[in-house]
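Here come two complexes built around subunit A, the first alongside subunit B, the second alongside subunit C.
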Partner chain A sequence: MITAQAIFIGFFGIAAVWFGVVVFRTFSMVRSAIALLFSQTALGAMFLTMEVEFLGVLQIMMMATEMSIMAIFMVMFMMDPGGMGEMDMTHQKQFSLTAGFISFVGAVAVAVFIDWGPVSTVAVDSVEQTKALGFELLDRSMLIFEMAGITILTAMIAATAVAIKPASKTSQPKSSSTAHGDHQHKEQSK
Partner chain B sequence: MTSLLILLSLAFGVYLLAVLEAWIVNGRFQLSRPVYSALALLGRESIIPRKPDLLFFETGPIILLIAALLAAAVIPLAPGFIIADLATGALFLNAALAYVLVALIMAGWGPNGAYAMIGGWRFLGQLIAYAMLIVMPITAVAMRAESLVTTEIVLSQSAVWNIFYQPLGFALFFIASMGLAFMPPFDMPTAKSELAGGVEAEYSGFRLAIFRLGRMVLVITLAAATVTFYLGGWHGPGLAPWVWSAIKILLVTAAMLLVGKYLPRIRESDLLAWCWKLGIPLALINIFIVGILLVVIP
Partner chain C sequence: MSVELIWSLITGAALFGVGIYGALSQTNLVMIMMGVELILAGALLNMVAFFRYLHPDVAAGQMFVLIIMTVMALEMAVGFGVAIARFRYKGSVEMEEAAELKD
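After this line comes the complex of A and B, so read on.
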């Protein structure tokens, strides 16, 4: 039986896949990032349609900032971020096609052949869901989440530490092209 | 019916905000001014810049308006007077407001102009500064209410308003919400004197009208959120609940405009430094204090 819920899940599912395709069809880095964002937002909307409110809203919220930050990194690192220079940025096409096809077949096989267990037809009340999720996060799964959190934090601090230039090196310029070097040069010539 | 009434009151709120902004910032009190301004904007030609990313250029202002409207949908103006009383209301508000950033980046990137683009990316830096100061004070508010439902949050303040229960959280949220609505002194993305309007620079005519409308709805929504989370929502003696909501929202808006009038525009790096080095520790202390208060005074 096709219900309104099923139609909406299908709609958002197709939207998610379509925006995923757009990510690779455009040459603009910002368009690509924003398309990926809307693909993820469509996934969040699928959660909402399945009455999993907290996860849906969380997905929609987290992706907006994450994909925007990714967009600025793509703009900073790519040669032609606007895609207006008509530069071909693809490579290893044969390998990518094969890898993509195998992953697709694998994902479909998992979805079709796995035993999903009994399917619940009625969703739990949204307030109860949030409460249950809170207890899950601070009870049984607490160790896993704390470990993941601390690992990510360590990686962030390490990345920042690596990115910062040591202060001692910047305060003593070696080349004569800097202002300080020029000054010394003039002093000597006098 | 409720949705329609709330949208109408939002439209009236935007009108009052326009009058208030002209009055407080420019010193001119004219009730007819917003109507003339709107007519002038709608009557003018809306220029499309050369080689734009047309899709972003067109949808940016619309996404800004939609994000602000979605955020307004979870704010109760009176008991039962709310568009969607979601179980995750306080979280949904954040989710909707996160798309203000997306809208500004799209509107900044779209017109293919340097000033607009810098304005758009500036707001990304601004988000990294204010985002935690929006979320962490809301966490403390939700802790007291023991719920993310916005109606429950208002009901939890029936005895003592959160502005007295957690004044630190209120101060942080107030400042951060001004940053979110890019009001002066946090108007880096649309700075008139530095970026010639920034994100707004390449917009004109009806597209600019949509952008400004979106920003005004955003300001009203954030004032309403401040009232819901900290000023006891619709609670108040004597008058009808919706009257109290309206008075408080207007007062918060006026306070935001007044603060912006007397402060110079902050530098992006200063904002980031203050928010991360001072704001986030204070927000954590606020959560800690509220936690202790909840245990000590049940």
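After this line comes the complex of A and C, so read on.
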């Protein structure tokens, strides 16, 4: 039976996939990042429609921040961030299309043909869900939770260490032109 | 069978397929990372759908979702660290110019 929830899940699902496709179809990197942001936000809206409220809000908040940072990095790293030159930055297109299509068909076949058993139509109250997650995080799954936190911290430190420009071992001698320039500058300031 | 569950799984499959296409076809490191983000988004949606429709009373389902979100954040942090280092040394994050990494 088609319920209002199914209709909204379908709507937001189509939006998420459509914006996911737009990510790789536009030449502008900023548009690409914004399309990914919309795709992830539509996913968050799907979670909210499913009445999984904490995870839905978390998804939207986290992805909004993540994609904003990604947009900044894309503008920094790309040769043509605005996409005005319409540069083609793809390779092995046919192979990629085939691999993507086969993955999609395989996953859909699994989703449709497997008997998933009894389905719960009534969601647990959102307060109870969040409370249960809190107890799970600080009780049974505490070690996993702590490990995730330490892993993120390690990755942040490692990423910063990799990105820092190494200091040169030998100090550069001052060139005569620079010294001359400094002297002139001092004289002018007098 | 629940229409909502099937819709969610099909959407997850579509996001996974688009992500695979993106990760394999793009030449820029940041765009490849976007493809991986979409792959993980597909996995995330599947986990939420399984939690909501099959085991709503087991909170460990939500825990798995948090782990996938952590992996997404890690991928971003490490990916951008590598991208900055690569850009500093080579002036580009084009992966077609990174064939020497194989050696």
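Just so it is clear, the second predicted complex is superposed on the first by the 159 of 190 C-alpha atoms of A that agree within 3 Å, B and C clash if a C-alpha of one lies under 4 Å from a C-alpha of the other, contacts with A are read in each partner's own complex, and residues count from 1 in each chain.
As a convention for this text, a contact is a pair of C-beta atoms (placed from the backbone, for glycine too) under 8 Å apart; a residue touches a chain by one contact, two chains touch by 3 or more.
Since this is a predicted model, take the numbers as computed values, not measurements.
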| item | value |
| --- | --- |
| Subunit B versus subunit C as contact partner of A:R31, first or second or both or neither | first |
| Residue contacts on subunit A - larger count, subunit B or subunit C | C |
| Which superposed partner A:I72 touches (first subunit B, second subunit C, both, neither) | first |
| Touched partner set for A:L58, first subunit B, second subunit C, both or neither | both |
| First, second, both or neither for A:M142, with subunit B first and subunit C second | neither |
| Contacts of A:Q129 with subunit B and subunit C, given as first, second, both or neither | both |
| Which of subunit B and subunit C A:I150 touches, first, second, both or neither | neither |
| On subunit A, the residue positions that both subunit B and subunit C contact, one per complex | 54, 58, 69, 129 |
| Contacting residues of subunit B [partner subunit A, same complex] | 51, 53, 55-56, 86-88, 91-92, 94-95, 98-99, 101-102, 105-106, 109, 112, 121, 124, 127-128, 131, 147-149 |
| Interfacial residue positions of subunit A with respect to subunit C in the complex | 1-3, 5-6, 9-10, 13-14, 16-17, 20-21, 23-24, 29, 32-33, 36, 39-40, 43, 46-47, 50-52, 54-55, 58-59, 62, 66, 69-70, 73-74, 76-79, 89-93, 95-97, 99-101, 103-104, 107-108, 111-112, 115-117, 119-121, 123-124, 129, 132-133, 135-137, 140-141, 144-145, 148, 151-152, 155-156, 158-163, 165 |
| For the subunit C and subunit A complex, residues of the former touching the latter | 1-22, 24-31, 33-35, 37-38, 41-42, 44-45, 48-49, 51-57, 59-60, 62-63, 65-67, 69-70, 72-74, 76-78, 80-85, 87-88, 92-94, 96 |
| Residue ranges of subunit A touching subunit B (in the complex, touch as defined) | 28, 30-31, 34, 37, 53-54, 57-58, 60-61, 64-65, 67-69, 71-72, 82, 84, 125-127, 129-130 |
